[in-house]
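Chain lettering (A, B, C and D) follows the sequence in which the chains are written, and residue indices restart at 1 in each chain.
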């Protein structure tokens, strides 16, 4: 148990942020935290209410999706997490929610356009919506294929997982990731915020315009560029 | 009093969930819990604010709508509950709310299409909206007929009450049910969530598409099928 | 001070409900409670934040709008309250808010159609939106004329103030009233709820239909008719 | 430290109001408080979460944007604040948020029309949306130019900064100001409220009408005119 204490605790704390940030109803979400040296991650057990969670209840799973330690069954989305950890080689956390506005965009099968600097503060691209999966993929190893659908969507648009830490899975809901589980949850909250504002923007102005490139770049660079001056450096 | 203690307590606790989940304003909702062996149910007294409720105040009513025990008048919707308990032979709880988004769908007289996996996690069908009642039914035994309107709507669509635990009564509001009162309330919260996301989805994309059958089936089966792998089994 | 203690306390408690029910931002609302025998009412002092209110700070005003007792200036809407108390001879409380959805309907200059039973539970009529006031009325005794605009709007539609305890003042915001200040605030919350659901209903279905008369009447009668069976009688 | 204690405390308290009023997610906002005699202002440090703020952590900056005192890096928007303090000669506080509805209007590049008295209680003009900045301004001293873009937008419309204490920066988000930091935050909350109600108004009625001039003037004058009778004078 000692061995994975750190990622258990990180996964537990990150999972508990979901209801606090208003991103989940009941158990409709899960967060994991990875130990990349050990090639394992701690993930929420399936269907357990947030107020009954503890660090000890987190399940330890390897990057192929095998349970390594834990008495409970891991999240039903575990294989999606495993595939992403295996292919996104520097990430340390993944979050999945059915947050209201981001999920509505996923259900509409549309990318979220960059309509403002709140979006550009986090990425220079539209938030991609991965295409719905083929019947074959759905009937096959569904959660495993969901991971590959995410990877393919980024590849198609030629965006790296480090440039884009959030995605909508068409007809389903968002997945986000980051260096840590905490950052993955942060990205889920940011995505929900961007999704809500984009929805209202289009309601106010049907033909709202995508941000000009110079402004997108400026906002991204001042937060993330080599000469960034946001935060305490 | 001892005899019905269990269902009184279950009904009380389930009723108290409604304001906590943001599903009711003032007293606009009610939940009941049934004892199927005794053929009775405990239901919220009419018009009593949630903060003045107690298990003792729940009213015991039989499946024909006769009050068996209790000093207070039962919910004005009691006959609807009675009819449903009589005809839906395995349910143990019923919830009725005027939650905002589900009620707006009921007011629009539209079924809620399956737009995403959040919906498919719970049912493979669109959430039906029962047709408005005829003037004759309204002027007759209204609440009793409301129960039959719900039963007819499911029959017409050839859906069993076990496959579909939620319905919109056209022009009125949602009713949900389940094995227990707690599950009925859970279904009310899920329905409100689905209703809100479907509304936003259509606002984002006017011609949003219904989910493909393979995906609907996959999500339903992984939670409720014979080889389900959601939750702790 | 003793003399008006009861209405001071009633007005204070009713005013404090406004922020709890999410009906006001800062000081954008006011409630009054009348003593019809004394022909006076207690009303919120103007511009005082809710967390600094007390029963003692309520201002006592007569039905002609003269301050009878109190060190603070009464609400700037005081004359509207005075006119309504003078002409609506059985009411004991009035509430005015700028609650979000009701105000948006007022700003759109539209009556709120009866789209569902939540509405019909409270009134059989569409919620009227009083026409914007003439320049002459605005430049004259504005708040006084606002009261008459409300009275005229009901007269034009041939609805009594006892049948309709809520109104939208065009371009402005809602006013509600009732037998008590508590009931007036209750009506403000119900109106906001109805306004929000009507907005969503029209978004879901552009050509949503008004409720059929039989259903409107049924729901109103079961709550307020001579054979009503809602509540504890 | 003693010297700037007053503005540190004012800036700290005003910043802490932003999350309480629901105007910020994470660190997406900042407030400053000026000492006009000393020609300096205290501003939130960049990227520090609200629950880790204290008066001591506020950074003291002069009206040219030079840090005068403080160990932390000031908000990345500091130069915008500096420019506004330099040119708006009587203001004592500035607030910047990415609040949801106001930001959506900024993203839609539209002024917010005066649709009701809630708006007219605060200003007689539409809330201006400053045009998106040129690529040259963006690539130059961006935050500095943002301040000038605000100043230009008011100049173009011939509105003084004392008549209009709020503005939308196109594609970005709102800035507000006032005699004090507390008033600037108050204006941010009012703007968000106005923005939300204007959005709903247009959804209810596509061709909603701007308020008539007489009513705009009346509401503004009764709160802010020389014979105003709102508040305690």
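The criterion applied here is as follows: a contact is a pair of C-beta atoms (placed from the backbone, for glycine too) under 8 Å apart; a residue touches a chain by one contact, two chains touch by 3 or more.
Worth saying up front: this structure is predicted, and the values here are computed from it rather than measured.
**Student:** Do chain B and chain C, two copies of one chain sequence, contact each other through the same residue numbers, with over half in common, or through different ones?
**Tutor:** Both copies touch with mostly different residues.
**Student:** Counting only Cα atoms for the centres, state how far chain B is from chain D in Å.
**Tutor:** 46
**Student:** Which integer distance in Å separates the CA centroid of chain C from that of chain D?
**Tutor:** The mean C-alpha positions of chain C and chain D differ by 33 Å.
**Student:** For chain D, give me the residues that contact two or more of the other chains.
**Tutor:** Residues 203 of chain D touch two or more partner chains.
**Student:** When you draw the chains as points and link the ones that touch, which shape shows up: line, ring, star, complete, or other?
**Tutor:** ring
**Student:** Okay, what are all the chain pairs that touch?
**Tutor:** Listed in label order, the chain pairs in contact are A-B, A-D, B-C, C-D.
**Student:** Mind listing the chain B positions that touch chain C in their complex?
**Tutor:** Listed in rising order, the residues of chain B that touch chain C are 25-26, 28, 45-48, 72-73, 76, 98, 100-101, 103-110, 132-133, 135, 138-139, 142, 171-173, 199, 202-203.
**Student:** Inside the complex, what are the residues of chain C that reach chain B?
**Tutor:** It is residues 115-118, 121, 186, 189-190, 193, 196-198, 200-201, 203-205, 208-209, 211-212, 214-215, 218, 222-223, 229-233 of chain C that touch chain B.
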